Amino acid sequence: MEFCDAINKLPNKEENGLFGKSFLRTWDMTDADIEAVAKGACALKALRDSNVSPKIFDSGIAVSMFSKKDTGMDIAFASGCDLLGLTIIDMDKKLGNNSINETAAMASYMTDAVGVCESDFIEKSSRYIKRISDSVEESQKKGIISQKPCVLNLGSDEDSPIQTIADLQYMASRFGGIENLKGKKIAVTWAYSPNGTRSLAVPQGILSLVTRFGMNVVLAAPEGMDLMPDAYDRAAQNAEKSGGSFARTDSMEEAFTDADIVVPINWAPYTFLEKRTELSAANLGTYIDLLEHELRENNKNFIDWEVTEEMMEKTKEGKALLIHDIPADVTDISCIRGEMTAQVYNANLDSLLAEAGMRPYVIAAMIILAKSEDPKAAFKTIAERATKRYF
Amino acid sequence: MEFCDAINKLPNKEENGLFGKSFLRTWDMTDADIEAVAKGACALKALRDSNVSPKIFDSGIAVSMFSKKDTGMDIAFASGCDLLGLTIIDMDKKLGNNSINETAAMASYMTDAVGVCESDFIEKSSRYIKRISDSVEESQKKGIISQKPCVLNLGSDEDSPIQTIADLQYMASRFGGIENLKGKKIAVTWAYSPNGTRSLAVPQGILSLVTRFGMNVVLAAPEGMDLMPDAYDRAAQNAEKSGGSFARTDSMEEAFTDADIVVPINWAPYTFLEKRTELSAANLGTYIDLLEHELRENNKNFIDWEVTEEMMEKTKEGKALLIHDIPADVTDISCIRGEMTAQVYNANLDSLLAEAGMRPYVIAAMIILAKSEDPKAAFKTIAERATKRYF
Amino acid sequence: MEFCDAINKLPNKEENGLFGKSFLRTWDMTDADIEAVAKGACALKALRDSNVSPKIFDSGIAVSMFSKKDTGMDIAFASGCDLLGLTIIDMDKKLGNNSINETAAMASYMTDAVGVCESDFIEKSSRYIKRISDSVEESQKKGIISQKPCVLNLGSDEDSPIQTIADLQYMASRFGGIENLKGKKIAVTWAYSPNGTRSLAVPQGILSLVTRFGMNVVLAAPEGMDLMPDAYDRAAQNAEKSGGSFARTDSMEEAFTDADIVVPINWAPYTFLEKRTELSAANLGTYIDLLEHELRENNKNFIDWEVTEEMMEKTKEGKALLIHDIPADVTDISCIRGEMTAQVYNANLDSLLAEAGMRPYVIAAMIILAKSEDPKAAFKTIAERATKRYF
């Protein structure tokens, strides 16, 4: 069957570097780890499409903690967990004033996966997710909880590993394999949005990931729309090591010219996010409103950073693959002026939807890799028993 | 066993007109389709009552989208889906400003059933549900989603097919079969409620459905409390075709006299709903409040449209079957003055509760008929494997 | 295997006093009932820790009704139910103005367990839970619902049986068996909290339960911080019968001296709760705010009722077991001044977390005892089939 090939490439017991691990940032994972997740996702999709159920849990809980509702990633997490047999509990992250150890234990007594989405605060958000991961590890070692849940970053201030691995795999599938991404030009560009306060997780995550696979990466942004400083360094170092390249420009047109892949996306500058984190720590909510207002006013200077059909025409043969972690801010559909025109959105919608559909499989693959000592054997058992997903 | 009979009457592959279909309005379904749903519901109830589990999904998602919480239908949807092995995700219908195609795809990657309850806006509500159904069909054809979820209307501006088929089946069970409803008199009457803004879905849906089975239908309402114009035409045409009758009156007493079945229910007049839809499209919320206030004031002219014990005495032998899609507005229980007195409510409560208990089975039957090419074979497999629901 | 011993001590068909029952208060249960729940919880934990799945439901619903969110018990209920194969529906307790019979039936059509947490109103809260239990029993007898759900009190004005049985079992496990609790000194003491409006369920429940097992119980509270009158009588009678003792003091120090176990916990005095219930019935919300303000002001007179390291030093060998139904109000962690210092909290955190981890197993044990005629046979089947919880 179609999925046998993907299964054979999965790590066995000796090769699985992800057993017992959490998924916080792609740059904590080896290339082999990342390929294992991508292959696992492929295998899971192939199994499910063949009506074979990959359920590995007879019971078990998956806890989700979202600091704000993110339609898309929340459903993806629930769907991926359900595929494996886990039941979702949606837990309010703001658990009174409990200590993190208490919160983590409360969430973990019968839990095999914890998904956390918390992106509002520079450094603090990542640290929060890391501490939950550390805490459940400690609680399991002490015997307070029987099984260690795998903690998944569903979007932080720094990275969004599920989104970016789904993107990587989707690009690979469109270009005939990860190896074929080598030498391709990808433009990651800031784009205008009336909201304007999106986190840096996706642009930073994409840059950090694709530079590892030999791509020629161009980052375009208006002056001042900066990422975290180490995101640039990481991208440059990765590119050098992988034989790709990393360049920056302040022209969307330059970035788009001859690009094979384009990733238009809005983000708020690092300096704004840092300031907001400070004000929030000082409980100065009113000044956060003012700060966000100023950001939105400043963004209006860059209202022409919109992907139009003319802009798409400049890409390789006029038909670059367009990548976006939808929902997008689309002109005339979700706002008066947004990241792309309705024409561009509609022309690429099928592809955007197919790409988003990979997220549940990436999540499920991560959980299997973290929970199964020998993922290859686990998948073989799944394929051999061939339980029907439905009849 | 008891359920064998119902199973034998289910459609096989050649007869199943519902495979791959959505359930938007009963008047889009043939009589055979409707009977298949009713029989399927019966068979599922008999199986579960015999401790046989009809789970046909090893994993899978059911998404519910409620524009407002409706206790009863939401639990019915969750229960019916759980019986088949689907996990509920409660999705906020207001998904930012995503396009309907995006919303529908987001909700569908691993989804086998989507239940939508959206009844506030004349025409727009039905169109919304229809577009979700069309969109998932298109996405599945394009390969964006692997399986096509069955879309169920849990209550729109026009119809409430689950409620009305559950009602039909309950009436049939009380009169010894659908065929025995022929010639029976059923009174569908407007009743007073202090809320006064209920949708037309149930009264229109009941009229449209029962006129197909040879019943003598009388609709009673105060002047001005009109349904959508085509609801009257549909009822009249159905009655003519089925050998029943359809009449209108402005007297509850006339309708109740010698009735075998009575259906007292509050609704807001079509003209009000149309006006509210207009005001809502124009974002004139304050004027909607005023409009609703005026409706409630006007309703007070009809405060005597309350079902009392005296009114029930006028029905056939004083003991007509009382049908209501509970929760009802009951005098002295949920309001100062409502659709019926506490005496009438309490005297009929067991029956009302038993009727409401059919809804989860109707939902589950619809999903099996939409997902199984050969429902008769599917049910036979369920009965033969005889997995215990609990031990 | 480790769990065989616990299983052999479970009641068989003749011995099971809990079949078909609800769990409202421990003082409605015999000692044998309570030990059966504790043993069942042990057996379930041992099975799950050995990767054996105790799922007994192939489908089925568990409904939770929380009057306010209680992080901890809500996750415990969801986890315990999931372990047995039940799917959670979180139902808003305030179901419009439906009658209790209607609410209970709506919640029960396919439901095997209903968990209710409602503690705000003296007498009314318990009566509410009792009426739900009576109503589902009646509905099942009449055939309106096919199976009678087991109703669990997750916290009322009077008792919190899941919490206290989990506490009892945890204490037993730390002292080598329930029989070893005989003659041990346990101090149940009021402690300061800036909130100050916690219910009496846990202190009353603990007193009522531990006095049955021959412990020497000392209750310490500032003047005026009274429990319900019958809680004292019950504790005294139990102590006399069991060969233990029950004493009261207004000195935390006296209670802590030489104690084997300490249970510091905040509660609002009975007279306050009674007054609040009255004001609430009269819809005088503003005066409730004032009443709560006065209570908090009065509490400040007892701000030194805080468990410190010095206070802990006074206990048996300075190392009494500290019991609390976390989350606790901890000085410097969740508030400026609370029930205990951060040092005491941190020194006892592992134990507190382990104790809280028993709650899901107690819940699952109650459901099995209520639903299985012969629990010993049910557990033997679970152990023999040895379905893996995950592979």
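Order as written gives the chain letters A, B and C; numbering starts at 1 within each chain.
Following the convention adopted for this analysis, contacts are C-beta pairs under 8 Å (C-beta built on N, C-alpha and C of every residue); 3 or more make two chains touch, one makes a residue touch a chain.
Treat the numbers as computed from the prediction; the structure is a model and nothing was measured.
In this entry, subunit A maps onto subunit C through a rotation of 120 degrees when their C-alpha atoms are superposed, rounded to the nearest 5.
Interface residue usage between subunit B and subunit C, two copies of one sequence, is largely distinct: under half of the residue numbers at the contact are used by both copies.
Centre-to-centre separation between subunit B and subunit C, using Cα means, comes to 41 Å. The set of subunit B residues that touch two or more partner chains comprises 85, 87.
For subunit C in complex with subunit A, the residues that touch the partner chain are 45, 48-49, 53, 55, 69, 71-72, 75-76, 78-80, 82-85, 87-88, 326-327, 330, 333-335, 345, 349-350, 353-354, 356-357, 360, 387-391.
Residue ranges on subunit A touching subunit C, taken from their complex, read 56-61, 63, 85, 87, 89, 91-92, 95-99, 101-102, 105-107, 109-112, 139, 142-146, 371-372, 378, 381.
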